[in-house]
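Chains: A, B, C, D, E and F, in written order; residue numbering restarts at 1 for each.
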Amino acid sequence: MRDTDLLPALLALQPIHDLPRTGWVQRGIQPPESVGDHTLSTAFVVLALAPRVEPALDLGRALALAVLHDVPEVVTGDLPRSAYRLLPAGAKMHMETAAARELLSPLSPAALELWNEYAARSSREARFVRVCDRLQLGLRLVAYLRAGRRGLDEFRATVAELDALEFPAAAALQAEILAAC
Amino acid sequence: MRDTDLLPALLALQPIHDLPRTGWVQRGIQPPESVGDHTLSTAFVVLALAPRVEPALDLGRALALAVLHDVPEVVTGDLPRSAYRLLPAGAKMHMETAAARELLSPLSPAALELWNEYAARSSREARFVRVCDRLQLGLRLVAYLRAGRRGLDEFRATVAELDALEFPAAAALQAEILAAC
Amino acid sequence: MRDTDLLPALLALQPIHDLPRTGWVQRGIQPPESVGDHTLSTAFVVLALAPRVEPALDLGRALALAVLHDVPEVVTGDLPRSAYRLLPAGAKMHMETAAARELLSPLSPAALELWNEYAARSSREARFVRVCDRLQLGLRLVAYLRAGRRGLDEFRATVAELDALEFPAAAALQAEILAAC
Amino acid sequence: MRDTDLLPALLALQPIHDLPRTGWVQRGIQPPESVGDHTLSTAFVVLALAPRVEPALDLGRALALAVLHDVPEVVTGDLPRSAYRLLPAGAKMHMETAAARELLSPLSPAALELWNEYAARSSREARFVRVCDRLQLGLRLVAYLRAGRRGLDEFRATVAELDALEFPAAAALQAEILAAC
Amino acid sequence: MRDTDLLPALLALQPIHDLPRTGWVQRGIQPPESVGDHTLSTAFVVLALAPRVEPALDLGRALALAVLHDVPEVVTGDLPRSAYRLLPAGAKMHMETAAARELLSPLSPAALELWNEYAARSSREARFVRVCDRLQLGLRLVAYLRAGRRGLDEFRATVAELDALEFPAAAALQAEILAAC
Amino acid sequence: MRDTDLLPALLALQPIHDLPRTGWVQRGIQPPESVGDHTLSTAFVVLALAPRVEPALDLGRALALAVLHDVPEVVTGDLPRSAYRLLPAGAKMHMETAAARELLSPLSPAALELWNEYAARSSREARFVRVCDRLQLGLRLVAYLRAGRRGLDEFRATVAELDALEFPAAAALQAEILAAC
């Protein structure tokens, strides 16, 4: 592996900090959370919940999955639910897989493998991170509501629909979030 | 036609003012132009160029097409070129057509027909507005460059690739833009 | 008419996207709607209401008036009501007329004529667009209130004062807005 | 004088922090300096220059004039030069005087007297603050240029036109600014 | 004293307009008030209250103290209460004193003396400005609450704790603020 | 360990997304990178570089350190270099350690241990993350320069001063960054 030429691969990820989470924009939140904000916040949820899961999860692996999970949005933008339900089955996954390959191959082969693991939900860690990704939505929702924002009811429904039963600690946080909004 | 119940249909269009043009975000422009900014600016290009086109265009029709052309992005977000090239052929158009129907049916049947005309490029006005849509990209590019922004070379290429020969006045503006960036 | 030299005329309109609507700023809305956001949103109101008006309006003409109606603010800024009530009678109109001439003459003579028609309210379409301009204020007000903003009571009064009787479809939307805030 | 009821008078001044300086917006600066930023920065120029002026100025008086000088813009917005040259002679001053009365009477009679002194340039301190107000424009211009902004040439001309001869220390700063942009 | 070389000293103060008040950021206010906004607003409180204080205060001196009081934050950032309670006794004051010297020495020796007077609370004017500084927090709190923001209870407590008895007019404003939030 | 009561601990971390990196603000970057943006971007640098380091690093551990490294700034704000050089030796570390304890104890004991490991540089992973933290500064610098920002020379010096010799892959990226700015 060459040690150089990492700079372009790293610069290519920069837009993650500026791309807004489309769902919040659609509900009038200004300024909105960015995809990067969501990513880091998901990593915090992982850090908080993973030690409470039994049998033990691989925390480092789960963190890597969290940090990488939305990287393809740098290329695709954040396609909201209102968009991808209108695409043919599999189209979104195909697009994201191609985007992940473009972005992560030059960064590190290990990173690409991790993203594919997340996309396939092919490990307990991957399924756990997916749950944390949705709980983060609830976390931000509570923060917005406490700051006085309104008109966000549909996001509560999204959190309520989440099936977190595989990870009781996650289900407990889900209940705590729902009780707060 | 009922006179009431327009309020939800109009409120549903509000996010157009806050959704960023993804391409500029991907190149580090902060704060970026919104989809609504782009839409209005395209309407200005139409207003400026249409009277210079022969045989005469229907200016009102062209303006309506311009105002409506990106409305589906309220539902889909602004899918950048880097995204939709990774979708199956026709997927983007299918998604936008469905989004247009959702948004414009409750607004006005005439509006939906106009959007379909634009999507199909089925009139001279529709093809003209498509050209104006791309010229607006060049216009904004010049504005960003004069304000000191850098790193936007690929957008110049997009303007240069545009085939505007059907409308000589548009080709003249294209040349003027390319000479300025 | 020369085909070139449109670029400066189009660039001169760019600030419309960045100039805030002063009234919202005065009431603490951050970030505020821009003059361009208001303009495009007014065009949407025109698109929604015009087909419901009898006898039929010229939709294309009404749209052109809507797109142009606040263009002089690029030169003058958005003078709020709290300002222009302190100017001599006619001073605001004189200033805007001169600004419209500066901005629209190099864009297109037709555009300038349309603006003058709007300013003089010399057609049914012009009076209709003026009503839509005020209804847009109500539309944005409802959006702000649903997002949790407060302290905006005086804007409701402005919508309530509007005389929309010439256009029953507009009066119906006015009632719908007032019922929602 | 009653000690209470100051709260509404103070809240009425809050928009000064959010109103943009229109001239920068017109040249594409985003986000722009606010009227409040300009005001405080002018006060810093006064603090720096006043001790270098002979015969000695009343620094406290000059500071009060600086802090108050643009307060009427809370009511009127920041009317740029491109706007007020299109108003009848005296209209801008009339409007600002009325706005100052509305805003400052409930705050403190002394504040209103100070604003009138500034408006009339009826003291050396008032003329000095006017010079500092223009020098602040140059100061911000240098800051924008050093940050990489472009397209601001006309502001340099405004600084160059300033007649600062009554206050040699101000003229020295003017020269320093012009040499830096 | 040399008349030139003021430009770097003035440019060094520019960040005051962009540094956020950390306490508001910590409570989710976006966009937050800047340190410069707070400074100017404190000067307005001084202008409003000083004429109501007996025996008379030196208004010009109080204004100068207000304008200067947070200047060191340009170098130090706005250390919130949650931070400085974790520093050794005197560390914050030591840091701010050094920062004030760096920033104000090249601006004007008089300005540095004034800042030291404020820091030492060594005059009635200095104590008065400190009270106004805290009242400004309450003023902004009321503005945020009226705009619909929530989750700011701890700031009300800060205003309630203020001991303003030395200046009855300030105590009256404090009561007015507390009654409004 | 209780499964509930995580919500307050997670909400307490939210301000990391809104706190600006003070150094950029001090150099006029608007809008600035947030502490959270920096954190996630540092995690990307870790992901890219770690697989190139020999003997192998614990990637998961390094990622956890990266995600946590600036968490105390939620309580302290981002103290820039210009600030902490004015504090007594050890004061900054004392403050951050206390802040980490407040924030991370309720989140997870493991998280607190990891932060302490980072603060003490007591592992190869901790030293590696510290190098990545500084390289991220260079990464952002390159991004700003390519976007047209200027006036950032001192940040290049900071990157140049970094001693990355323990990790040759990091030194290679450092050289790549320095060559690009």
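In this text, a residue touches a chain if its C-beta (ideal position, glycine included) is under 8 Å from a C-beta of that chain, and two chains touch if they have at least 3 such contacts.
Please read these numbers as outputs of a predicted model, since none were measured by experiment.
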Practice problem: Identify the chains adjacent to both chain C and chain D in the sense defined at the top. | Solution: B, E
Quiz item: Residue numbers at the chain B-chain C interface: does the shared fraction exceed half, giving same, or fall under half, giving different?
Solution: same
Exercise. Taking each chain's centre as the mean of its C-alpha atoms, give the chain farthest from chain D.
Key: A
Practice problem: Calculate how many whole Å lie between the centre of chain E and the centre of chain F, each centre taken as the average of the chain's C-alpha atoms. | Solution: 30
Quiz item: CA centre of chain B versus CA centre of chain F: separation in Å?
Solution: 40
Practice problem: Give the residues of chain A that touch two or more other chains, as numbers and ranges in rising order. | Solution: 14, 28, 30-31, 143, 146, 148
Quiz item: Which chains touch, pair by pair?
Solution: A-B, A-C, A-E, A-F, B-C, B-D, B-F, C-D, C-E, D-E, D-F, E-F
Practice problem: Would you mind writing out the residues of chain C in touch with chain B in their complex? | Solution: 1, 3-7, 9-11, 13-14, 16-17, 33-34, 36-37, 39-41, 43-45, 47-52, 58-61, 63-64, 67-68, 107-111, 139-140, 142-143, 146, 168-169, 172-173, 175-177, 180
Quiz prompt | Interface residues, chain E side, partner chain C - complex | solution = 31, 143, 146-148
Quiz item: In the complex formed with chain F, which residues of chain E make contact?
Solution: 14-15, 18-20, 22, 25-26, 28, 30, 32, 74-80, 82-83, 86-88, 91, 94-95, 98-99
Quiz item: Taking the complex as given, what residues does chain E use to touch chain A?
Solution: 27-31, 148-151
